[in-house]
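As written, the chain order gives the labels A, B, C and D, with residue 1 at the start of each chain.
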Amino acid sequence: MGDRSTGRSWFSVMLPAIPVLAVGLSACGSGAGSSGVPSATPSPLCAGVNTPPGHTNGVASVSGGASSLSGAGGTFVAPMMSIWSAAYNTSDHVQVAYQSVGSGAGIAQVQAATVDFGESDAFMTDSDIAKAKGPVVQTPLVQAPVVVAYNLPEITSGLHFDGETVGKIFAGQITTWNDPAIKKLNPNVNVPNLPIAVVHRSDGSGTTFIFSDFLTKESPTWVSALGGKDKSVGKTIAWPVGIGGKGNEGVSAAVGQNSGGIGYLELSYAVAQNLTYADVKNKAGSFIQPCVKTAANATAGITDYPPDLRIDVVDVSTDADAYPITGLTWALVYQKQTDAAKAAALVNFFNYVLTKGQDVAATADYTPLGADLQKLCVGQLRKITLNGTPVAA
Amino acid sequence: MTDVALPAARFRQRPALRRRRTKNAVMTALLLVAVALALGALAWVLVYVGIRGFSVISPSFLTHNPPGNPAAPGGGFFNGIAGSLIVVGIATGIAVPLGVGAAIYVVEYGRGRLRGAIRFFNDVLIGIPTIVTGAFVYAVWVTRFGFSGFAGSIALAVVMLPLVARTTEEMLRLVPTELREGSLALGATRSQTVLRICLPTALPGIITGGMLAVARAMGETAPLLLTVLGNDLFTQLNPLHRMETLSLQIFSNAVTGYEQAQARGWAGALTLIAIVLILTAVARFFGRRVQVENV
Amino acid sequence: MFAAHPLPGREADQVDGLSIDRLSAWFGRHKVVEDMRLRAPSRKVTALIGPSGCGKSTVLRCVNRMHELVPGARVQGGVHFGGVDVYAPDLDAGSVRSEIGMVFQRPNPFPTKSIYENAIIGVRIARTTPRGRLMEIAETALSRAQLWDEVKDRLHKPAVSLSGGQQQRLCIARAIAVDPSLLLMDEPCSALDPIATFKIEELIRAIADRYTVVIVTHNMHQATRVSDYTGFMTIENAGDPGRLVEFGATTQIFGAPVNPATEAYVSGRVG
Amino acid sequence: MSPASAGGIAAIERHPLPIALRGERRRLGDSVFGAAVALTGGVVLLVLAAMVVFLVLQGLPAMRHYGFFSSITSQRWAPSEASATLSTPNPYGIVQFIYGTVLTSLIGMVIAVPLAVGAALVITDVAPRRLRRPLSSLVDLLAAVPSVVYGFWGLFALIPAIRPVVDFITSTLGTVPVIGVPFGGPFFGVSYFTAGLVLAIMILPIIAAVCREVFRSTPRNEKEAAVALGATRWEMIRIAVLPRARSGIVGASLIGLGRAVGETIAVTMVIGNAVLHINPSIFDQGATMSSVIANEFTEATEPFHLESLFVVGFWLLIVALVVNMLARVVVRRGVSL
């Protein structure tokens, strides 16, 4: 082989890089999640300013708190938690390291006591608590809608979906976008003939719990496809079809990358990534756009909360303006604390979350807790004890 | 075999020659295509990460933590970079003495079956999936003491140990027997011979091996997922707590849908590649010296 | 033209022989052979003798263009065989090599191949012969290499199962199976014991009626035993290129050398 | 690694030399040092043994509950059903992960082995001498790029680049009945095939490095024998280099296979994480033994979920052990990585 032919091979070495540069540049330009224009013209229900609730009924600050807390849990609340954590670090100089690993992981970490607090969008059941190292105080922190987001380049307004149709899609029984069932719900939309790329969670997820809870309540097809109500709802689901994405982030990324993709995720992820999402039919029969206000409507009518606050709010409201797939997300803290500094820091942080923290929720597309529920949540904080005595005054 | 013809005629009349030359040319071309594809893949990865990372990276990327809101621009991976250095540093502190010791045993002391077994299983250990290593450390350590930077260090040490042992072994083997004989003949003990003669002679090679192991550990992600868990917003320099590492940070940012988070991920990937390539290049520099000295 | 080295009588087939004209060879900047001129007549055995490092092997490797495979190697001058310029630009080095066979110092059969496969490998790659004739060729080549009787019952055993001497004869069979006109032998017996050496020498004599043979040897007795003509090469000082000092009929070189250096060497006073 | 120095001091002492008398203290120090290095040597064996023991111990409850082999005879992985169906068929079958691991590794090998062998041949026998060292360093660099970077790149650069090609395959070959099944669409980017492709790039430098050492050890005189017969370079490679290297290539491939089997993060990022069952098309989503551990490990709260993941880990360890031990036996020694 002479030098000349080597020169040729060097040239061919660089060839593959050329289309790549083009790909790289175009990818830089458009980004993964964007499908152009954000969802719809806002429905009148969602228009207007979200008023901060201004909760001021917290517990008194406990002195001697630790300077850092370690938490892990749902990705559902992660964007909200980052904002709380950063703001709280600025005001009170306490680092709250929250790792968004999934609600399943949040519960697992609590059970293993590897974190100071856990977080989950599905509260811990009795059997979950039985595997933990002691009684657990659970308190809702915030509520939010789970949206059905999709990636159809030409469709920038919210498609209409009902639970049964969504159930059929996620059960793998509707596989193309121009299926009659979808067309029937959207007579005025020119739905393309594209294969549906179902995207679900690959990790144990509270978002999955909320979503599958809704499907179980609304879609008989979903329930029978999964083999019964005991199998059709949970943090993990035996998904018959689809791509598994890790966390809400992973699902949003996969939806964004696949033309024809559909997935379920917490509202703030869809908003931040300009994903289009559907208006979902509620119990009253209206197609509702998910937003801070329609999610607030979903719990507005609830008055009889159980003492441990373990309540399922998904698709229960009969309010005509309620978005049905709305869920709460819980903080999970051991009731019997043994480290005074950690206990104080925990109470102080969640006290912040439940009071001032609620005021910033809407800025991140989360829905603050209603006044009734918030009062009960603050009450939960008072249950936390250190060597038998309550930590909060 | 016919009777001898005039060779002049036969030189050019080997039939099939054209076909053979064509085949040679085709096969040579195919071989070159193989190299071109391999190098093309390398160039593609490096150029792609380079372009995407370079547009984001800045001094402040290396000195700041990610913003609280993942959708926000700016911020950096300081916590991950610092965490990686600490976790890998501790792992190196564990793995290098153990690996060098194991190699000394194998080359200078070991006999018979045990020595053979250690050599063999050391090689096997190199091939153990690191996710299994992570699960192992989870079972041994994390279930008792929780997630921490140190748990990650143990996992990485298990990854690095056989690599260090392997290169050290090779390097000790290159130490000429005459040096050992000379030392022993002067009345030095075995341990003195090893510590004063063999190790110093093999040192550049051992450093090379160590650096390549460090480079490998810097890029490891899977075992850290199960042991360090991550700490995505804050700087945590105490290895007894959960830390962030650069590799974990790239992973978590890579799989989000946030454009800004992905952008930070690319900058992180560029940083990681730069660290690994620099380590590899420096290691090769030492490596070359070793070879030259042995010519 | 070759006044310095008077040639043996000009037989009719002289044109078929090997002629080397003003050949110089280099490794990088180091000149190892200078101004070599030699004629090896057809169907005769020509020996090249001389002290080690005098460039004998290099001359041989220039003849079948193996020299150029070494990085930095260079050749100047002419090599003609059977009237064909071996270095002609339109001539493929591969076809030169298949016309000019070579046997090396150490037996080098292909270790993964059987005796039979080794014998016919050259023919196989040349693709000149139909498959059906391969066994016939193997038998002819192995017979000429005086190995057939020893291996005919175990042709499909690995070549490395043979003794060193047998392996070398197998290599000779491999070389002549492709039916070359010229056979180059580079100290073919230097790795063998006396008995194996004797068999090879016998073999060389036997095949000389068909092939032109050029053999490099540092064993002068071997040269006298096998060769018809002998060339003596030497270097004057360390670092100098090797030169051909004297060439002539073997009986003349060993019986009545003209050059004092040759005389000193063949009488065992030098080297 | 000259054979002369292979034995170290132990070898010297097997042929006793006259050694001067030593003091007691020095002898004590010597034996302490000897014991210490013997201990560190033992750590290697200990770690490997502990790995097997701990994975078995952690997986034991699930193995006991479902039966030792039940997990490798079923392909239903449904932790959500574990509590609901304790008495009914096993929801922790892992056949589909073994399938995913085997399929992705196979795709990786089919692509990487020829390329690696080719690249190694270029480096040892084809390229001009002064280019060989740089070429070999560059190919080695492929092994230095971290797994997570390959995954990231695979997701954003590789998938868009292969999408048109794969779409073409799924719309032509994929529509043929029966034989088109493994190539059926639709293709959503993440898939067994994508994972195999990324694996190919990752194991290529490892296989190439081992092959390079193997090819380099071809004796010069055998290459010359081939050339002297008039062989072209390719014929020389085919006659002299490749046959001798056959077991080396197999060993190199096994080392690459071992790596492919265990590779986690990059695969997790591009395989699609569909855990329920075997998907017939290589362009469909799936999961491997390592990817399911990476995805579910830290959040396994359902009954026997974590234990079952340890069972997956156990089988992965067994597969890796077998492949690597085979590889080492085949390659014997002398080639690092």
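Throughout what follows, contacts are C-beta pairs under 8 Å (C-beta built on N, C-alpha and C of every residue); 3 or more make two chains touch, one makes a residue touch a chain.
It should be emphasised that the depicted structure is a prediction, and the values quoted were computed from it without experimental measurement.
Shared contact partners of chain A and chain D comprise B. Should one ask which of A-B and B-C has more C-beta pairs in contact, the pair is A-B.
Nearest to the global CA centroid, when each chain is reduced to the mean of its CA atoms, is chain D. Centroid to centroid, with C-alpha atoms defining each point, chain A and chain C lie 83 Å apart.
One finds 38 Å separating the Cα centroids of chain A and chain B.
One inter-chain figure worth recording: chain B and chain C are separated by 51 Å, centre to centre, where each centre is the mean of the chain's CA atoms.
We define each chain's centre as the mean of its Cα atoms; on that basis chain C and chain D are separated by 49 Å.
Residue positions 94-96, 98-99, 125-126 of chain C are each in touch with at least two other chains.
The multi-chain contact residues of chain B, meaning those touching 2 or more other chains, are 14, 20-21, 28, 32-33, 35, 37, 39, 41, 44, 48, 52, 229, 255, 262. Residue positions 1, 20, 23-24, 27, 32, 101, 109, 245-246 of chain A are each in touch with at least two other chains. All chain pairs that count as touching, in label order, are A-B, A-D, B-C, B-D, C-D. Looking at the complex, you find that chain A touches chain B at residues 1, 5, 8-9, 12-17, 20-21, 23-25, 27-28, 31-34, 68, 70, 72, 78-79, 82-83, 85-87, 89, 95, 97-101, 109, 112-115, 245-247, 249-253, 255-256, 269, 272-273, 275, 364. Residues 16, 43, 81-84, 91-92, 94-96, 98-99, 125-128, 137, 140, 179, 181-182, 210 of chain C are the ones touching chain B in the complex.
If you check the complex, the residues on chain B that touch chain D are 14, 20-21, 23-24, 27-28, 30-35, 37-39, 41-42, 44-46, 48-49, 52, 97-102, 104-111, 114-115, 117-136, 138-140, 158, 161-162, 165-167, 170, 172-177, 180-181, 184-187, 189-195, 198, 215, 218-222, 225-226, 229, 247, 250-251, 254-255, 262, 265-266, 269, 272-273, 276-277, 280, 284. Across the complex, chain A is touched by residues 76-81, 83-84, 91, 126-128, 131, 155-157, 159-161, 185-186, 188-190, 233, 268, 272-276, 285, 287, 295-296, 298-302, 306 of chain D. Those residues of chain B that touch chain A in the complex are listed here as 28, 32-33, 35-37, 39-41, 43-44, 47-48, 51-52, 55, 67-71, 142-143, 146-147, 229-234, 236, 241-242, 252, 255-259, 261-262.
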